[in-house]
Every structure is written in structure tokens, then in C-alpha cells.
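Take a look at these structures.
There are two complexes below, and they share subunit A, which is joined by subunit B in the first and by subunit C in the second.
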Partner chain A sequence: MIEMRELRKNFSVRVKAGRLRRQKREVAAVDGVSLSIARGEMVGYIGPNGAGKSTTLKMLTGVLTPTSGEVSVCGLRPVPQRTRLALRIGVVFGQRSQLWWDLPLRESFRLLRHVYRVPATEHAARLRRCEELLDLRAFLDTPVRQLSLGQRMRGELTAALLHGPEVLFLDEPTIGLDVVSKQAVRSFLGELGRTGDVTLVLTTHDLADIERLCHRLVVIDHGHVVHDGTIEQLHTRYGSRRRVVADLDVPLPPGFTLPGATLTSTEADGHRVTFTLESIAAGAAVAALVTAAQVRDLSVVEPEIEDVVARLYTDVSGAP
Partner chain B sequence: MNAIGASVPPISPRRPVSASIATFCALIGSGFRRYATYRQATVAGTFTNIVFGFLRCYVLLAVAAGAAGNAPGGYDARQLATFVWVGQGLLNVVGLWGWVDLADRIRTGDIVADLVRPISPVTAYLAADLGRAAHAMLTRVGPPLLVGALFFPLATPTRWQTVPLFAVSVVLAVIGAFACRYLVNATAYWLDDARGPLVFWTLGSGVLAGLYFPLRLLPDWLAVTLWVATPLPGLLQTPLDVLIERDGPALQAGLVGLQAVWAVVMLALAHWVQRRAERRLVVQGG
Partner chain C sequence: MGELRAYAALFGGRLRSATAYRTSFAVELLTNAAGTLVDVVSVFVLYRAAAYVGGFTLDEALLMTGITAFAFVLADLTVGNIDQLETYVRTGRLDAVLVRPLAVLPQLVLADLPLRKLMRLAVGLSVLALALARNDVDWTWARVLLLVTAPISGAVFFGAIFVLSAASAFWWVDSGKLGHGFTYGGRDFTSYPITVYGSWFRTLFAYGLGFGFVSYQPALTLLGRADPLGLPGWTGFLSPLVALVAVAIAAVVWRLGVRHYRSTGS
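Up next, the complex of A and B:
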């Protein structure tokens, strides 16, 4: 569905090189990205600010011309065939609006039906479904400029889907949303993804979006792909470990060890300890702790994707 | 959920003409409704037009009174008053000034939303502008014309073809003015900020389109050069000259023909510039 080979985009920037002189310098925003995304996949495309995520998305949608490399979406070349491609893809840019600012939301949807030449019955059916799932009814007749960010984003999602796109590109769709709106957007996208009809590429800084929605995770930094695989593979690669946190009535005796685990923190005068599990299963570790100490409370903590990704960003950015 | 995700409509590379017309008309409607939303702005703008109408009318009538044969540039007093009062309304229909939407969208990067639609931005903005012009025609032409008619004797057309020719001329003026504004706004693709070209346009277009004084007051060689070599007289002076029957029937029709040529040239130029811009586009703001 989406193919990229050695995709590259350079921007030229002028940097100060003296009191009056400016020097032109080429900066690679996307530096040789190769990816293949199959029909129905839900891919999270993440990276720190300025990593090249949005630039990639703009090249995939035909808005930006790549400096070099090949790209194809739905079998079309995005830039020369942008208008044809636009009929087959949906795009949501979290920080931009594709709705008509001064007109009611309903009016924007009606205009989009004409712009995308969607048969009236299909349009009505899709709109009805979106109205239900995204709870649009209360503000369909409100001008877009008066909508809250959460309401507008639900409108943007609907707008991107009314023509039944094969691929949906979402550029930070949950940016700035409150918890309830985020959940509404996520559950909507999750349901959309489950049908397998729509290929979804999602860029975000909110890793909860990725955990809930995307099986595949592509991490990009400085224009390079630094990880392409599942979230589990990312954890394995970066040595993410589960942790056992135990609250104790009596602190552990000095020199206590738990085979296959490392004591990583001791708090509250030894009444709370955290073990990171290296080569021992959580069940065995819990059993061993309960036998060896007076345990009041105990929990097994899953590795945080945020920690892993933060380490990934730091590693890559810090690399020479 | 299938209702959302499934079945993509069959896509033909060539859009059926009827579908394209329906899209264009829907976008015209959007432009109309957008401006219909701001009623207070319409009233305030009309009031300003009327105030300036009095100023311009008295100045031109004073010029006429002092001119040889009381007909400067070949206009009599009635024609000059009509020129001013219809011009005050037409100024908004043509939308000579004030449109910075495209430049703003380029500067902020919002233009990206226009580029992911299956329609050229030039076509989409033209349709919306025709809607805006239709709204202005209904709301902004009548009041100044009525006030003008109450306070000054106005000229009425004497030839049957004048009114339809005027209608065609107004549409061509709207298209020509849109294309000029689009080009001025599109400089933002290269400059990031189009304020300089926009100020230049505002100053230049008012004078050279015939808003401040009829271009026939200029020496013949200069007036002819302006008409033939620039689209500007076609934006305001031509429709007004057509309506007040400044020239004979042949020249009247000829001027509209020239206007049509310029409208087509400028629209083609806007399309060309847009395509060039897309090739070197840098979307601002991430």
C-alpha cells in the first residue's frame, strides 16, 4: 500500500556567517528512509521534534517533492498524481484545519462530499456512523471557529473519512486534547483499524496512542529510521525489564539477593524495595520475596514505553 | 464501522463535467455563505463606501465643471456621477483589496490542507471568490447606487446590449481581479511574507484600475498602453465604461473582449505560478 525507498528530503537553510553574510546550508530532514506498509496495517511513526515525521507524511501525501528516492502510495506517485491520490487518502493534521472556518461543521461535510464526489447515500451513511461514534450531533450546526479543540478534531477525523479513504494519515491527531477527547479519538481509530480496510499511519508524541492502536512502531530520528518493529521488539532490544515493587513490614536483611533479579531502589528506610527482573519470571520472583520477607503489598510493573523511547531518542541523539 | 472504512468510489482520472460543475457550484455557495455570516461588516463597509462616494463624486464633478466643454475625458456630469456610485459598489464585487487568505495560509503552513484535496487551489479559491462576489453584488451595489441616485442625476443605459455586456464585464473583472490577487498572495511562496507586494498592489491597483479617477483623464497614449499591456483597467474601469456607454458599441464590445483575454491570461498565469510553487514548496511550521 505504501512503499518508500531511500526517501530523502533536504531543506536549505541560511545561517549567519558574519555580520552581514549568510551562508546557505543543506539540511536533511528525511535522510534515506525505506519502508513498506501493507494494506490494513496500523503503523505508529514516532520520533522527537524535528525528526522528520511530518516531512515524511507530507511527501507521502504529495504536498512536498522528495529531493531523491522513490515513493508510492496506493500504487500512485504522490507528487505528480496528487489530485488522484487525494481521492484515495484521508489526512488529518492535528495542528491545521481542513474545515471551512466560518461555516458550520455540517456545511464543511456537505462541501467535502462535492469536492470528493461521494455519492449522497454513501456520504450520509458514513456521516451517520461518525456522528454516532464521535458524538458529533451536539455541534454539527456550530461554525467551526466556535468549536473546542476536541470537537474540531472529531470533525477533522470525520472530514478525513467521509470519502472512504484507503489510507489514513494522522499527524498528531491527539495533540492538545483533554483526556476524554483523546479516549474518544483513540477508541474511534481503534475500531476503524479493526476492520482492516483502512491503512493507518499515525505520528504522535503521545505514546499511549501507539500502545492502544499500533502493532507496528517505526521510530525516526535525524531523518533515519532507528527502529521498525513491534513494541515488544523495542522492549527486547532496549532491555526493558519488568519490575517487582514490594512494601515490607520489616526491611530486608543486609546482603539479601534475589537470584535472577537486581535490587534497583530502596525507599522509605528499606520498607519499599524495587527489583528489576533479569532472568527470573515474575511469579518466581514474587514467590521468593514472599518466602524471604514479610511482604505487606506487592506489584509487578510493566516496562514503560515512554522510558524506552526516551532512552532510544537519547541514544540516537547522543551518538556521534 | 464498515460504513466508514469500506468501499471506495470508483475513481476515473477524468472527472465527469457535471460532477466538476457541481463541485464548483458548491464551492461558490461556500464563498457566498462565508460572507453572508458577517452582516455587521457588510453594513459598516457599505456605509464607508457611501461616505467615500460623496467625496469622490464632488471632486470629479468639480473637475468636470472646470474642464473644457464640461466633459473631462469625454464624460459628462451624469456619466461621472454614475461612474463613481456604481464604482463604489463594484469595488467590493471585484474585491480589489483585502484578500490575504492565501498569503496567510502559505505563511502559517495551513496551505497544506488545501493541497491534500483533489482540486487545484486556484480553482477552489476562484469558486469561493465568485461566491463572495455574488454576495457583494446582492448586498454592496444597491445601497451606494440608491444614495447616488437620490443626490445626483445618474446616467441610464440607452443601448439594449449594455446591460448584458456589463454583466459579462463584471464577471470578467471578478475573475481578473481574483487572478491578480492570487498572484500577489502567491509571492508568499517565495518571500514567506507577502505584505510588501500586497501594499504595492493596494496602492497600484487603485490608481491603475480607475478607482481614484477615470483612466480616460490620462493622456491617450498612456491610457491605451495601460489597457493593452496590463489587466488593471479591466478590473474596474472597463465595466464602468461599458455601463455608462463612454464609447460606441464596437469599442464597448472590444473592451470586454480585451478584458476576457486578460482574465484568461491572468488565470493561466495563476495556475502556472501555483504549479511552480508546489515544486519548491516548504510547508512552514512543522
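Up next, the complex of A and C:
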């Protein structure tokens, strides 16, 4: 469905060199990305600010012309066949509206039907489904400029789906949303993904989006793909560890060790300890701890994707 | 056909948006009316100050003003909106335009509804009508044809200039004022007989950039006057050709520009 081969985008930036002189320098925003995404896949595309996520998405949607490399979406080349491709993809740029600012939401949807040349019955059916799943009814007749960010984003999602796209590109769809709206957007996208006929590519800074939605995670940094695989593979590769956090009645005796685990933090005057598990199973660690100390409360913490990714970013950025 | 309907829908959407701000629309209409009035007055003030302009009687020169006025307003009314491109490029809003299944240029042109400029069209037409009434034109079929083709070709030519000067925003984001030099500057240049300009300047603008064929050469042919600058009479009929060349150049530059668009962060 989506193919990228050695895709590259350079921007020339003028850098001040002396008082009046400016030097032109080429900076690669996307530096040789090769990816292949199959129909129905849900791919999370993440990376730190300025990593090249949006630039990639813009090349896939025909907004930006690649400097070199090949790209095809739905078997079309995005820039030369931009308008044909536009009929088959849906795009939500979190920071750019597709809606008519001064018109009621309903009116925007009606205009989009003409823009995308969608038969009235198909359009009505899709709109009904979105209305239901995204709970749009309450504000369908409100001008877009008066909508809250969460409401507007639900409108944007609907707008991107009314022509039944094969691929949906979402650039930070949950940016700035409150917890409830994020939840609504996520469960809607999850629902969409389950049907399996929409391919979804999502960039985000909120890794919970990815955990909830995407089986495949592509991490990009400095224009390079640094990880492409499942979230589990990411954990294995970067050695994410489970942790055991215990609240104790009496602090541990000095010199206490738990074989196969390291004590990573001690809080509340020794009444709360955290062990990071390396070569010991969670069950064994818990059993050992309970017999050795007076444990009041205990929990096993799953590795957090945030930590892994933060480590991944610093790893990559640190390397030359 | 579907695309035409799509454009019609965009236009309709703009119409309804305009009614969302009735007051500002009314204010714009008023300021435009005032601007138009100033345009008209300035023409008459100039023509009162001198008996001859560049070797032409006032009435003869008024014919050039009239052709230009009508052509320019027609272009401004239809594609003048394109000067908004600069804002779209600077803010990255062009992204949203590019992901729609329609051509970029008509989308931008239809993004605004310059009803307020309609009044200028009326003024332009009146100046042309007045000029025709005050000159003793020896009407032949060729001249009737010229009267129709000259303003339309002029409008197409100015339209191309509008697109070209707007497209410069793809390379230099703050190019708005530079563009005005060619659009509004071009209108002012062609409002008077080109004989009033200094020779290198005239050569560049009139022949190099083609502005001389918008109103000067057609007016000479309509009046049956020989060109004091020596071009033969049939050059009055060249304006459609000049307009086509300008459109071709504008189309190429526009396409290059869209490919050169670099969007903004995020």
C-alpha cells in the first residue's frame, strides 16, 4: 500500500556567517528512509521533534516533493498524481484544519462531499457512522470556529473519512486534547483499524496512542529509521525491565540483596523500595522479597514505552 | 464535470462564510468604493493638468486608460485573490489545500469572494465607454473584433502577471510588495501612452515584458494612428498572443513553485 525507497528530503537553510553574509547549507530532514506498509496495517511513526516525521508524511501525501528516492502510495506517485491520490487517502494534520472556519460543521461535511465527488448515499452512511462513534450530534450545527479543540478534532477525523479513504494519515491527532477526547479519538481509530480495510499511519508524541492502536512502531531520528517492529521487540531490544515496587513496614537491613535484581531506588526513609528485575522472574522476586522483609504492599510495574523511547532518542542522538 | 461542481461548492461555501461577517463585508465594500472613487478622480486630475500626454490628445490617452482599467479589474476580480498565496505559504496552510483532490490555483482563487471589487468593474467599463464615445473611431469589423479581444487578452495577461507575482512567494516568502510592483505597477504603466516613459524603461516593460501590447498598441490600431515608436499597425492585434505566452510562462513557474513549496514545521 505504501512503499518508500531511500526517500530523502533536503531543505536548504541560510545560516548567518558574519554580519551580512549568509551561507546556504543543505540539511536532510529525511535521510534515506525505506519502508513498506501493507494494506490494513496500523503503523505508529514516532520520533523527537524535528526528526522528520511530518516531512515524511507530507511526502507521502503529495505536499512536499522528495529530493530523491522513490515513494508510492496506493500505487500512485504522490506529487505527480496528487489529485488522484487525494481521492484515495484521508489526511488529518493536527495543526491544520480541513474545515471551513466560519461554517457549521455540517456544512463543511456537505462541501467536502462535492470536493471529493462522493455519492450522496455513501456520504450519508459514513457520516451517520461517524456521528455515532464520535458523538458529533451535539455540535453539528455549531460554526467550526466555536468548537473546542476536542470537538474540532472529531470533526477533522470525520472530514478525513467521508470519502472512504484506503489510507489514513494522522499527524499528531491527539495533540492538545484532554483525556476524554483523546480516549474518544483512540477508541474510534481502534474501531476503524479492526475492520482491516483502512491502512493507518499515525505520528504522535503520546505513546499511549501507539500502545493502544499500533502493532507496528517505526522510530525515526535525524531522518533515519532507528527501529521498525512491534512494541515488544522494542522492549526486548532495549532491555526494558519490569520493576517490583514494595512498601515496607520496616526498612530493609543494610546490605540486603535480591539475586538477579538491582535496588534502583529507596524512598520514604527506606519504607518504599524499587527493584529492577534482570535475570529473575517477577514471581520469584516477589516471593523472595515477601519472605525476607515485612511487606505491606507490593506491585509489579510493566516497562513503560516512554522510558524505552526516551532512552532510544538519547542513544541515537548521542551517536555521531 | 464533477470537478466543476466541486469548485462551485467551494465558491458557495465562501459565499456563506461571507455572510457570517456582514458588518466587515459592508465596511470592505465601502472602503473599496472609496478606493475606486480615488482611482477615477486621479485619472481626471492628470488629464486636466496637461493638454497632451506623450504626444497624444487626452481623449486618445483615455482610450488606453480605459482598456487597461477594464482588463485589470477583470483580472483582479477573477484571479486577484491569488496574492493570498503568500499567507498560505508562510503559515503552511497550503498543506490543507494540497491534500484536496483539486488543483491548487482555483482553490485559492475561490477561497475569497471579491464581490466588493464588482464596483471597480463598473468603473473600468465606464472609463472604456467614455473613451470610445470621445474618440472618433472609424469602425471596421477588424476594429470591433479588436475592441473585444484587447480587454480580454489584457485581462488574461494581467491574470498571468498576478499568478507570476504571487508564485514568487514559493521562493521568497515576503514577496508581496515585489509582486505589487508588477501587478499594480503594470496597470499604472499601461494606463498611459508608453511614449511618456524613458527609453530603456519603456523597452524593458513594453516590449521585454509585453505590457506595451495590453493597451498601447491596440489603442493605436483602434484610433488608426501610426505608432510614433515605429511598430507597424498589425501589432495592435498581437495582444492575444502576448497573453498566451504570459500564461504559458505563468503556468510553468506556478508548477515549479508548487514543487518548491517547503511547508512549515510540524
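We adopt the following convention: the second predicted complex is superposed on the first by the 320 of 320 C-alpha atoms of A that agree within 3 Å, B and C clash if a C-alpha of one lies under 4 Å from a C-alpha of the other, contacts with A are read in each partner's own complex, and residues count from 1 in each chain.
Here is the rule we use: contacts are C-beta pairs under 8 Å (C-beta built on N, C-alpha and C of every residue); 3 or more make two chains touch, one makes a residue touch a chain.
Model, not experiment: these values are computed from the prediction.
K.L.:
In the superposition on subunit A, see if there is space for subunit B and subunit C together, and answer fit or clash.
P.N.:
Verdict on subunit A: clash between subunit B and subunit C.
K.L.:
For A:192, using the defined touch cut-off, is the partner it touches subunit B, subunit C, both, or neither? Pick first, second, both or neither.
P.N.:
First partner only.
K.L.:
Report for A:116: first if it touches subunit B alone, second if subunit C alone, otherwise both or neither.
P.N.:
both
K.L.:
Which partner chains sit in contact with A:54 here, subunit B, subunit C, both or neither? Use first/second/both/neither.
P.N.:
both
K.L.:
Classify the contacts of A:161 with the two partner chains as first (subunit B alone), second (subunit C alone), both, or neither.
P.N.:
First partner only, subunit B.
K.L.:
Classify the contacts of A:129 with the two partner chains as first (subunit B alone), second (subunit C alone), both, or neither.
P.N.:
first
K.L.:
More residues of subunit A in touch with subunit C or with subunit B?
P.N.:
More residues of subunit A are touched by B.
K.L.:
Can A:86 be said to touch subunit B (first), subunit C (second), both, or neither?
P.N.:
A:86 contacts both subunit B and subunit C.
K.L.:
After superposing the two complexes, find the one stretch in subunit B that runs into subunit C, choosing from 3-11, 39-47 or 57-65.
P.N.:
39-47
K.L.:
Determine where on subunit A the residues touched by subunit B overlap those touched by subunit C, and list them.
P.N.:
On subunit A, the overlap between the subunit B and subunit C contacts is residues 11, 50, 54, 58, 61-65, 79, 82-84, 86-87, 89, 91, 93, 95-98, 100, 102-103, 107, 110-111, 114-117, 143.
K.L.:
Which of the residues in subunit A end up touching subunit C in this complex?
P.N.:
Counting only subunit A, the residues touching subunit C are 11, 50, 54-55, 58, 61-65, 79, 82-84, 86-87, 89, 91, 93-98, 100-103, 107-108, 110-111, 114-117, 143, 171-172.
K.L.:
Can you name the residues of subunit A that touch subunit B in the complex?
P.N.:
Interface residues on the subunit A side: 11, 49-50, 54, 58, 61-65, 79, 82-84, 86-89, 91, 93, 95-98, 100, 102-103, 107, 110-111, 114-119, 122, 125-126, 128-130, 133, 143, 161, 163-166, 191-192, 194-195, 197-198.
K.L.:
Please output the residues of subunit B touching subunit A within their complex, sorted ascending.
P.N.:
Checking each residue of subunit B against subunit A gives 1-9, 11, 13, 15, 19, 22-23, 26-27, 30, 33-34, 37-38, 109-110, 112-113, 115-120, 124, 278-283, 285-286.
K.L.:
What does subunit C use to touch subunit A in their complex?
P.N.:
Going through subunit C, the ones touching subunit A are 2-3, 5-6, 8-10, 12-13, 16-17, 20-21, 92-96, 98-103, 259-263, 265-266.
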